[in-house]
Amino acid sequence: MKEKKETKNKWITKDLVRTYLPILALVFVVALFAALSGGTTLKMTNIKQIMLQSCTYIVAGLGIIFTMSLGNMDMSLDGIVCLGGCLGLLAAESLGSWVVIPVIFLVTILCEMAIGSLNILLGINSVIVSFAVSFFGKGVAGYIIGSRTKSLSLPGSLSFLYNRSLYFAVTIVAIIVLSILFHYTKLGKRAMAIGSNASAAKASGIHVVKYKLLAYLVAGVMMGLAVTLVVLRAGSAGATSGSGFHVTVLLMMVIGGASLTGGTKEKVYSVVVGVLLFLCLENGLTVLGVDPNMIGLIEGIIFLGSVTLTFDRDGVPYIL
Amino acid sequence: GCGNNKDSEAADSQTKDGGAGTVSESGSGEEDSKAADSDISIGVVIWSTDDGLGADSKTALDAVAEDLNVSLVYRTGSYDAESQTTDYENLLAAGVDGILCCVINDTSTDDLLKICEEAGIPMQIFFRNIMDEDAYNYCMASDLFAGYICEDEGGAGVDMVDELLASGCTTFGLLNREAGNGVIDRRQAGVMEYLDEKGLTYYVSTSSNTATATDMVDATDQLLAAHSDINGLICSSGSNGAIDAIITDLQGSDIKITSFDTPVDIPGSFEAGNLVMLTTGAQIDPVYALINLYCKITGKAKSDTPAEYGSNYIYMKSAEDAATYEQYFSEFNTYTAEEVQGLVEMDLDSFVAEMGNYSLEMVAEKMK
Amino acid sequence: MEGKVVLKVEGLNKSFGPTKAVVDMHLEIHPGEIHGLIGENGSGKSTVTSMIAGCLKPDSGVMIMNGKRHEPKSMLEGRASGICMLLQEKGTINHLTISENIYLGEENQFSKGGIVNRRRMNQAARKVLESIDLGHVEPSHLIDELSFEDRKLVEAGMAMKEDPKILIVDETTTALSQKGREVLYRIMSQMKEKEKSVIFISHDLDELKQVCDRVTVMRDGAYITTLSGEEITVDAMRHHMIGRDFSDGYYRVDYEDNYDHDTVMLEVDHVNLGKALKDVSLQLHKGEILGIGGLTDCGMHDLCKVIYGLVKPDSGEVRLPQKEITIRNSTQAAENGMGYVPKDRELEGLMMAASIRDNINLMSMDKVKKGFLITSGSTRKLAEEQVDMLRIKIGGLELPVSSLSGGNKQKVSIAKCMANDVQIFIMDCPTRGIDIGVKAAIYCLLEQFKAQGRAILMISEELPELLGMADNLLIMKDGEITAHIRRSPEVSEHDVIVKMI
Amino acid sequence: MSKKIAYKAKNILIAVAIPLILYIVLLLAAPQAMGDTQIFGILRQAMLPAILAWGVAFACKLGLWHFAAGANVITGIILGAGIANRLGGGNALIAISIILMCTLIGLLCGLIYVWIKVPSIISTVGCMLILESVSALAWGGGGVSVDKSYGIFNGNVVVIACTVICCLIAYFVYSRTKYGFNLKAVASDIKVAEQQGIDVRKVKVISFVLVGLFSGFYGVLTLGRSFVQNPTTNMGSMDMVFNAIMCFFVAAAIEKRINLIAGVFIGAVTVQLIKFGIVAIGISGQFNNAAVAIALLVFCAISSESGPMLKLRSKLRVSFDRSRA
């Protein structure tokens, strides 16, 4: 009995260390840049700015973690942002400013649900489907924009929505709601179970198709929110909107410790930590005035370094 | 300065130190003992500093920045409005005193300006005018908007069509880029409007924005294969080697080419026989923009309202033009340090006149 | 023969984190013998043999083979020194052809200048297939086309073509039908004739008694004793394994009709499914243990899946008369009190990388949730209850299930259903690969369930347990129910086997 | 025997169905634009992307995401051609230098991946960032340019010869060597493959090296077209990878019917056909991406063996039979 207790403790510490490593990395990066820049990066305005920047990514990441926990990587975000933004603003132009938000949500939900249902229907890897949806979104958006002479912009009557407090409030509510949804309800637990072993989940009476689609629905809703935040912030949308968004979000999540293969080890906080880590890095490098050509080098090395330290190699014996 | 290569290294390291100093000082508001203008830093938001035009612009900007004793902080790689917003925020955190920006999305110009207004620093855009009416009105009414500079893209497009017509072309092929890049959009629109106006036949091939040289040549081949009657080609962009590739690809055919971007070996390209016109020299645009912004930052603004300038394209139509260009534009330091100071001191009218003077001949004259 | 030793293992130790899997193990293998290795689940058999074969590295201890130190760094080195192992788990690779599988890692044999000659490889593979009675199979086809059993046999063929000095057979027979077993026994006796040795791991004591020359017993990772010749009796083996005498009461002792004949819990009505099931009908009553027996491919495993809604039948239906429900999918089945313990627990039953707690809670989310929240406190409580109740041997609730031994994995698989208060159990080979200690525990549980009025459908390939436990026994053959046997002390195994074949 | 041939023919027909249908549609829609020269042009244009895609396919097959493949090409060209230029190199030297440099970079990416043991998607994105930076910093920035005489690498003969060589290398490596067998084994079941004594790490590293090698060939040929190679930064090289991955996806979708290497070429041809068709018919080129995406999904749909698709197909067949009857 005593031995059992001991072994338990051992495991807790090991896991705890891994859990907190991304946070440690975040603290380290913040401290490093604070020291190098003589405290500039720690100024309140700068911190607020980083938090503001983080909102869109966190909200998007919170949605994607659901599909990721299914073991389905999503490479479609750039296309969805592009298409959602463009169609939303297009609709606003002809139907009135408030239409933009419902249209964006409609587009993003349709896109994500399309990925989910094609994934189920065709039985092919979600990455392929999401690639296709991304290409499709970009193509259609480009087509729309290309045939116009005037670029798309946010109706002035909505620009009041772009303010810090609203962004923070939305993001914090999203984090809380999604954490509960992900860690403390059937929806999240079952999505993770499907990611761990879909046939076991099915044999345990989990309606795999339904919960997969629900996970994609959540992703769609959160992407809708994220695209809305992007559009409000950018004030416009165009054929290049969202470029690189998918890779950035994925990188952020993995740096924060999310598992690419899904399953029960997925954690919501890895989204938050990863996003902040990434943005602090970018912000810090800019503040230090590093040559943009060097930034890639430094970022690359730091990515590799931090992921090497924090990546959980336990659950995945063979790393993809 | 042509001759101050040695000094430049020293100055370089100095500006870097100065830059870092600025960051902490402007933030903490400490009193500063250096010369007033030694620690001005300006953020430059540009698509990239690696492709042909981007790299030339950076070279030209760095040369002038050195003369002005300004440090530049570049942000590259943002291809949408959201990322440019982030760039602005990060530059402000870095404590820049002004931002020079090539806006990606026309309609977001006013939103970007608002960020600067919040921080109380001026902003200047280059390679762009503002087409969106609301954005234009907002910017023009702002105290912190230094102005915009752009080439007459549409006009250049018209000239290209005319040049092709003069060399006997009847049917046109347009190698366009995906919509989204304001300046390229404008070129394309200018060309197409003019072609429509004249009732000429033309076919369009559109490549993605990150098209490589190979993609662009393939696009050319496809366009020509699909429409064998094309005999005039207009390339709206291709500074990543694409234009070189297209010129080589078409060598020997009787298809005439005009391009907005320059190949590496310009005289050689003209000698190859197909090229009839190039527009170039645009790297001066950010230089004028920088000077204008610098004046605004140092309180010597050239005008009370935002300045609207047009900068000249340099047209090249023969190998001789090209040789002249090669000879005098190798370093892109069109103006000496004294001349830069002169430009700073100039009043608005002379500055505009100076910009209007900018041409192949003028540079050749100066360089002699 | 005496005195000569091919392989000697001395003082072998191995731990996985906190788990001490093997402690000071001792083993001697003679040439030309079939050496049985037995022990309860998790007693370290697979670990010992894995170390011998080179898949695992011992923490300490020596292995001596033919007088030389035996320290294989990989299975390849192990193979090179003449030791081949048939794994407990799957050992072939889907999407490759049979010949590619057989010569995996040895393609150079057939290559000239780096280019592999497929034709020669297929020819060689055909010979290997003939040696395991699979001569009719085309080696250039994908291995996916073979049944699980045949794939296991291909593995045996793969091992034999190496002409090993020692062949390790780790619970391979559990996956095989009688026919497959015969092939394997023949291979083993061939080894014996050639003065080579076999290490044979199985939980089937009768099988061990028949096949083995000597049997080594392990308990808790340690060496207990080695029995030879006449000493090998089922009782002796049982005694040494458990560490105490095993009383009777292994199976049920009662023979009276003690279930509720009037309450039908589950009704299968004229179900057809391709070639696997032909017009199958049955009724499962409250408190009844209904056994289904037959050969592996008789369709009984497919029947489980149909009943639980995992596979849609071509025609016919599965009903729950008490709830007036027709089963359409597994979700509906689970919601209406059914539970399914699949045959292949690693692939279908468990989330291997997930924690024990998560696995146990998998089916019971509706039960543990408060409002719409599932708190970690309630999930832990449920998991702890089940671990205590089924006496699952674990190192901690948060450890992944993959760290457990086979038997304990099976217990987790059952605990998962138990946690959800399942009323109708569909158990597909519930004691597959499980030692007698756990087996007895599971039988005990079944009796308990029965007493509580739950209904149990038990599919099994082992006749004794069916006869010992079932109230009613259905025998299937080629997708049809061919016989119905009522519980009575008179029925003998022989009578049943006749009906199966 | 004839049955076997018929079976094979049917498979091949299904595999090339999409490009074939596209071709026929184009022939009907724009007959003037579908002459022999155009067909040759399309095939020739498919060659370069196919070369890169063959390389990337080796990584993709293993389930590795090689996002650094584009950066591998660009940095390989810049460093390789740069070194050769500084050695006063002729065209052959430049080509060899590029191939060697690309292969070396591939090897480094592979080693980094196995050393740090993080998912390839991360390690290669890291590598990509570093490589792009190196490409921008190398030789003081600005990339490299080569002499016009290097244009021989754009000649039809050279391009076709290179493609054939690459195709043969890819085919033999994938289908006929020990490495190819091991690759497929690791791709299907890494755990068992390891137990069978296959050095999984080596297989993975070699796949990265192969990506590097094919990047090298691709680089040599593209440089022959453009004579200059500018550096790319900010993940700009990723588009190249996505296009190559697209070809692999197509190939993977029809792998059961036709060899992966041939499938990659079919994928490349399909993409070119779509691009060509869009120009020929006169739809806006913006629609390229969307059309490619749809084609990919169609490929996946016809080869899919998922339950719902099989059911759908059998239903279609039944109704087809009925309508005939």
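Labels A, B, C and D are assigned to the chains in the order they are written; within every chain, residues are numbered from 1.
To be clear about the criterion, contacts are C-beta pairs under 8 Å (C-beta built on N, C-alpha and C of every residue); 3 or more make two chains touch, one makes a residue touch a chain.
Protein names from UniProt, one per chain: A = Autoinducer 2 import system permease protein LsrD; C = Sugar ABC transporter ATP-binding protein; D = ABC transporter permease.
Keep in mind that this is a model prediction, so the values were computed, not measured.
**Q** Quickly list, by label, the chains bordering both subunit B and subunit D (ABC transporter permease).
**A** Touching subunit B and subunit D (ABC transporter permease) alike, sorted by label: A.
**Q** Given the two chain pairs A-C and A-D, which is bridged by the higher number of C-beta pairs in contact?
**A** A-D
**Q** Relative to subunit A, which chain's C-alpha centre is the most remote?
**A** C
**Q** Just how far, in Å, is the C-alpha centre of subunit D (ABC transporter permease) from the one of subunit C?
**A** So the centre of subunit C lies 44 Å away from the centre of subunit D (ABC transporter permease).
**Q** Need the CA-centroid distance for the pair subunit A / subunit D (ABC transporter permease), whole Å please.
**A** Once rounded, the distance between the two centres reads 29 Å.
**Q** Would you mind pulling out the distance in Å between where the CA atoms of subunit A average out and where those of subunit B do?
**A** About 34 Å, centre to centre.
**Q** For subunit C, write out the residues touching at least two other chains, lowest number first.
**A** In subunit C, no residue touches at least two other chains, as defined above.
**Q** Two-or-more-chain contact residues of subunit A, please, as numbers and ranges.
**A** 142, 145-146, 239, 244, 292-293 - these are the residues of subunit A that touch more than one other chain.
**Q** Which subunit B residues reach two or more other chains?
**A** 50, 76-77, 178-179, 206
**Q** Hey, which chains are touching each other here?
**A** Taking the chains two at a time, the touching pairs are A-B, A-C, A-D, B-D, C-D.
**Q** Mind pulling up the subunit A residues that touch subunit D (ABC transporter permease) in the complex?
**A** 73, 118, 120-124, 128-129, 131-136, 138-140, 142-143, 145-147, 239, 244, 247, 250-251, 254-255, 260, 292-297, 299-301, 303-304, 307-308, 311, 313, 317-320
**Q** Contact residues on subunit D (ABC transporter permease) for subunit B in the complex?
**A** Contact set of subunit D (ABC transporter permease) toward subunit B: 30, 32-33, 37-38, 41-42, 45, 48, 136, 141-143, 145, 148, 151, 154, 222, 225-236, 239-240, 272, 275-276, 279-280, 282, 284-286, 288-289.
**Q** Along subunit B, where are the residues that touch subunit D (ABC transporter permease) in the complex?
**A** Going by the criterion above, the answer is residues 48, 50-52, 55, 76-78, 176, 178-179, 203-208, 210, 212-214, 217-219, 221-223, 225-228, 239-242, 244-245, 248-249, 263-265, 268.
**Q** Which positions of subunit C touch subunit A when the two form their complex?
**A** Those residues of subunit C that touch subunit A are 17-19, 308, 310, 329-331, 333-335, 338, 340, 342, 347-355, 358, 361-363, 365-366, 369, 372-375, 395-396, 398-400, 416.
**Q** What residues of subunit D (ABC transporter permease) sit close enough to touch subunit C in their complex?
**A** Counting only subunit D (ABC transporter permease), the residues touching subunit C are 172, 176-178, 180-182, 184-185, 187-189, 192-193, 195-198.
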